[in-house]
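Each of the two complexes below includes chain A, the first together with chain B, the second together with chain C.
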Partner chain A sequence: MKICVDLVRCQLHGQCAIAAPKLFSFGEDGKLQWVEQVDESARREAEEAADVCPEQAITIED
Partner chain B sequence: MSETAVAELPFLNLSDPSFSIRSQAVREARDQSWCARTPYGLAVLRYEEVGKLLRDPRLRQGSYAWPAHNQATGRFAEWWLAMLLNRIGEDHARLRRLANPAFSPKLIGALKPKFEALAHELIDGFAKRGTCDFMAEFSEPYATRVICILLELDQSEWRNLADIAGEMGLALGVTYKQDVARVNAATDRLYNYVQRVIAERRKRPPADDFVSLLLQANENKDTLSDQELDDMVVLAVFGGIDTTRNQLGLALGMFIDNPAQWQLLAEQPELARPAVEEVMRTRPTTTWVTRETMEDITVNDLPIKKGTTLHLFAESAGTDPAVFTPGFDISVKRMPHFGFGGGTHHCLGHFIARGDMTEALRILAQRIRNPRYDGAATWLPDSGNTGAVKLPIIFDPEPT
Partner chain C sequence: MIGHVLVVGASLSGLRLAEQLRGLGHTGPITIAGAETRMPYNRPPLSKDVLTGDDDETALVQSLSFRLRPSLDDVTWKLGATAVACDLTLREVSFADGSTLSYDALAITTGLSPRRVPLPGGEKDRYVLRTLDGALALRARLVAGARLAVIGAGFIGCEVAASARKRGLAVTMIETFEAPMQRAIGLTAGQAMQALHRSEGIDFRLRAKIAGFIDRGDGHLDGIRLESGEVIACDLAVEAVGSTANTQWLAGNGLDLSDGVLCDNAMRVEGRADVVAAGDIARFPNLFADEVPRRIEHWTIPGFTAKRAAESLIKEMVQGSFAPVPAFWSDQHGLRLQSYGSPSLGDASELLEGSLCPGDMRRQGAALGYRRAGRMIGVVLIGLPAGRLAHYRNLVEVGRET
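== the complex of A and B ==
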């Protein structure tokens, strides 16, 4: 499955990096970086990140 | 790089009890600079800088310093230092991950009919009369009973919980020093109540309400200690009541001042959701949040020393003319506001708050037509966490 982030909506709060630190983090430049292709074992973490995003900018495509 | 001199910045006297975040002085300071000096740290006034600094990892939440600044001691100060908002790093992340599922946006669908029924029940109490004290008869019971619904507490307890939240809230007001005994006594009462609820909930089969979810985590004390469990439930009760209570009163005030917008909301109930955002942009109860620099930083050529308090003005940023066209208009698409703070400590309960306030405003606009002030409203100071104390209104009575 694929993790998508709408960078127009994203306000860089970083709640995804708290909920799913293995999938989301901030680079040295302060930009959000994330693992795009993940397997089924990471579904729960990915869904939690999508769930907590205050701007609801994260979607998961199967 | 040329360094901006701090002495050239405008000055705002935040310590003055009559200081207002909506004053001409703040507007003029914002025209002059993105930042102003205050008796205690710097105030950040414009949208772009407030947004950036809210999320800057070199800053920490500033509210942890509250007990030290106020020489505060006792139960409230102990809880304040221990609770989620004032934790940092991995410790904060662990507690936040535990609390998140209980505030998920997925819950809103199931809660919406309960919010709707509650709003109607409260409005039934005064709709035919054509007058009410909006705070006592709507926003306070509504905000408190929403928390009861969310935490599955006995709704008949709402009066007691509202009183406790109100008295604990005095801690964050300007009269704290004379209220300290009441603040600590109320905090004791809330801990006693919360511990009773937890003991009773332990006897029930596992469920998916907030307290039960935390209890499951508490089975491993390293995941969530007994003390952290109590602190978290105290935060959910205290944090959810006063804020929503105040925000709903501020919302009604904005609509009384802008009657055409209330009419528009009554005609187009789907605007209730954007209405919540527009109210929080222009009249947030949390007028500013604080941060503290954890290292020396430079912002727009201004050097800021480690340990400096920054007051990030949500209302001033939300009405910054560089970003927003003037006025209060629920039908205009706006940039995100900072009424729920932002970054690591972004309000935990915002999906619930947005959901319950949407239902409240939608139904109020349907049933409370042509609302006006009925005599003078009493307001908290226009700084810190603000809102109405009393908000007597008059409106077109519903036909009997």
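== the complex of A and C ==
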């Protein structure tokens, strides 16, 4: 399963990092970092991050 | 098994509730009924990008509509259907077109409607903002040089003012409080935001009350008279004076509808096992703050409360106490405001970083902490990157009572 973030849509709200801190974080440079390849056990967390993103920037590809 | 779940209100909360029910393994029928004819869409851009941009209706529907999970493929949508009555004993909801639907479990997600200023005059030039159609109608009037009066300097009012200014309108904000957004972020931060708005050319009338709308005699607006006697000449007005909960259809069931729908900490409506509420309409005790039931009008709350409500319907799954940390954001004049926790409940605030002077605030940003009886209950960041929120969030978490 792959987590994609549309960086054109992303407005750096950081809601994803609140909902799924293991998958999303911010680097020293302020840029969004995320784990791209995750296994099935992280699906719920990834979906939660996608749901809380106010810009609908996060998609999950199977 | 809970049988047929009827969700009334087809927006963010209704959508999330249905998704959560499916996620929790409910395979029975779900109907989502909503007054708007559109599929659920995202409202925050309505006062921001929708007003400043030029995308047409088709493009906006495309970008604002929420993505639908495949798990909702078999949900029945009843759109353009306004619920007008409900019988919680018979378990039946009636709609404006005369149709009725019965249910085994009911989810209330009918949200809010903008409050109107209860004075006549100039009706053809008075706008409110809650729906995409409302935003499109307002945008059509945002032409450079026009004079706009924004009544109410809360978040939506401030965002509309900033967006209209960007389009070249002359904007005056009229507010009863001492500073914009004062209830939400306090006087100090409110005054800093006011200075920012002023530096962008927006005028303020604070501690001001409206005495009347001056009509040209044909339903169009000539100006607004304040109680001080001053007249604000304007071509159009936006009423952003808060909202009322859409509870009319629930009347007659003996519920406490004094401010939204009263829920317990499990999002059950007054303890009923078969009726839940979520989102802007739900007044619930959030143990993050205390046991006082309150409504929270933030985008992140529908997600949290819908999940909790879905768990409650699938009864045995609701566990522990529910204490979602409120969070919201706002965009004004290119600055992002981020709030975490409940700054409005604070009794004192302090500057944690940066500066509140307009020029410096633009360059360095600012972070404020809000304390309630010593405990850090909220933070507000203005013009700081999201990474800083991660830092300040921890200060709020620490203060949390368990």
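Simple rule for what comes next: the second predicted complex is superposed on the first by the 62 of 62 C-alpha atoms of A that agree within 3 Å, B and C clash if a C-alpha of one lies under 4 Å from a C-alpha of the other, contacts with A are read in each partner's own complex, and residues count from 1 in each chain.
One rule holds for everything that comes next: a residue touches a chain if its C-beta (ideal position, glycine included) is under 8 Å from a C-beta of that chain, and two chains touch if they have at least 3 such contacts.
Model, not experiment: these values are computed from the prediction.
Undergrad: Sharing chain A, do chain B and chain C clash or fit in the superposition?
TA: With chain A as the common anchor, chain B and chain C collide in the superposed model.
Undergrad: Is A:A42 touching anything from chain B or chain C once the two structures are fitted on A? First, second, both or neither.
TA: Neither chain B nor chain C is touched by A:A42.
Undergrad: Look at the residues of chain A and decide whether chain B or chain C touches more of them.
TA: The larger set of chain A residues in touch belongs to C.
Undergrad: Taking the superposition on A as described, I'd like to know which of chain B and chain C A:Q15 touches: first, second, both or neither.
TA: The answer is both, since A:Q15 touches chain B and chain C.
Undergrad: So, does A:V5 touch the first partner chain B, the second partner chain C, both, or neither?
TA: Neither: A:V5 stays clear of chain B and chain C.
Undergrad: With the two structures laid over each other on chain A, which partner does A:A57 touch: chain B (first), chain C (second), both, or neither?
TA: neither
Undergrad: With the two structures laid over each other on chain A, which partner does A:L23 touch: chain B (first), chain C (second), both, or neither?
TA: Touch status of A:L23: no partner.
Undergrad: Considering each complex separately, which residues of chain A are in contact with chain B in the first and with chain C in the second?
TA: Residues common to the chain A contacts of chain C and of chain B are 11-15, 18, 26, 51-52, 54, 56, listed in rising order.
Undergrad: Report the residues of chain C in contact with chain A in the complex, numbered from low to high.
TA: Chain C residues touching chain A: 16, 19, 23, 42, 44, 66-67, 299-300, 303, 327, 329, 336, 338, 385-387, 389-390, 393.
Undergrad: In the complex of these two chains, what residues of chain B are touching chain A?
TA: Chain B reaches chain A through residues 51, 55, 57, 92-93, 96-97, 100-101, 104-106, 336, 340, 342-344, 346-347, 350.
Undergrad: With touch defined as at the start, can you tell me which chain A residues reach chain B in the complex?
TA: For chain A paired with chain B, touching residues are 11-15, 18-19, 21, 26, 48, 51-52, 54-56.
Undergrad: Going by the contact rule at the top, pick out the chain A residues touching chain C in the complex.
TA: Interface residues on chain A, with respect to chain C: 11-15, 17-18, 25-27, 30, 32, 44, 47, 51-52, 54, 56, 59.
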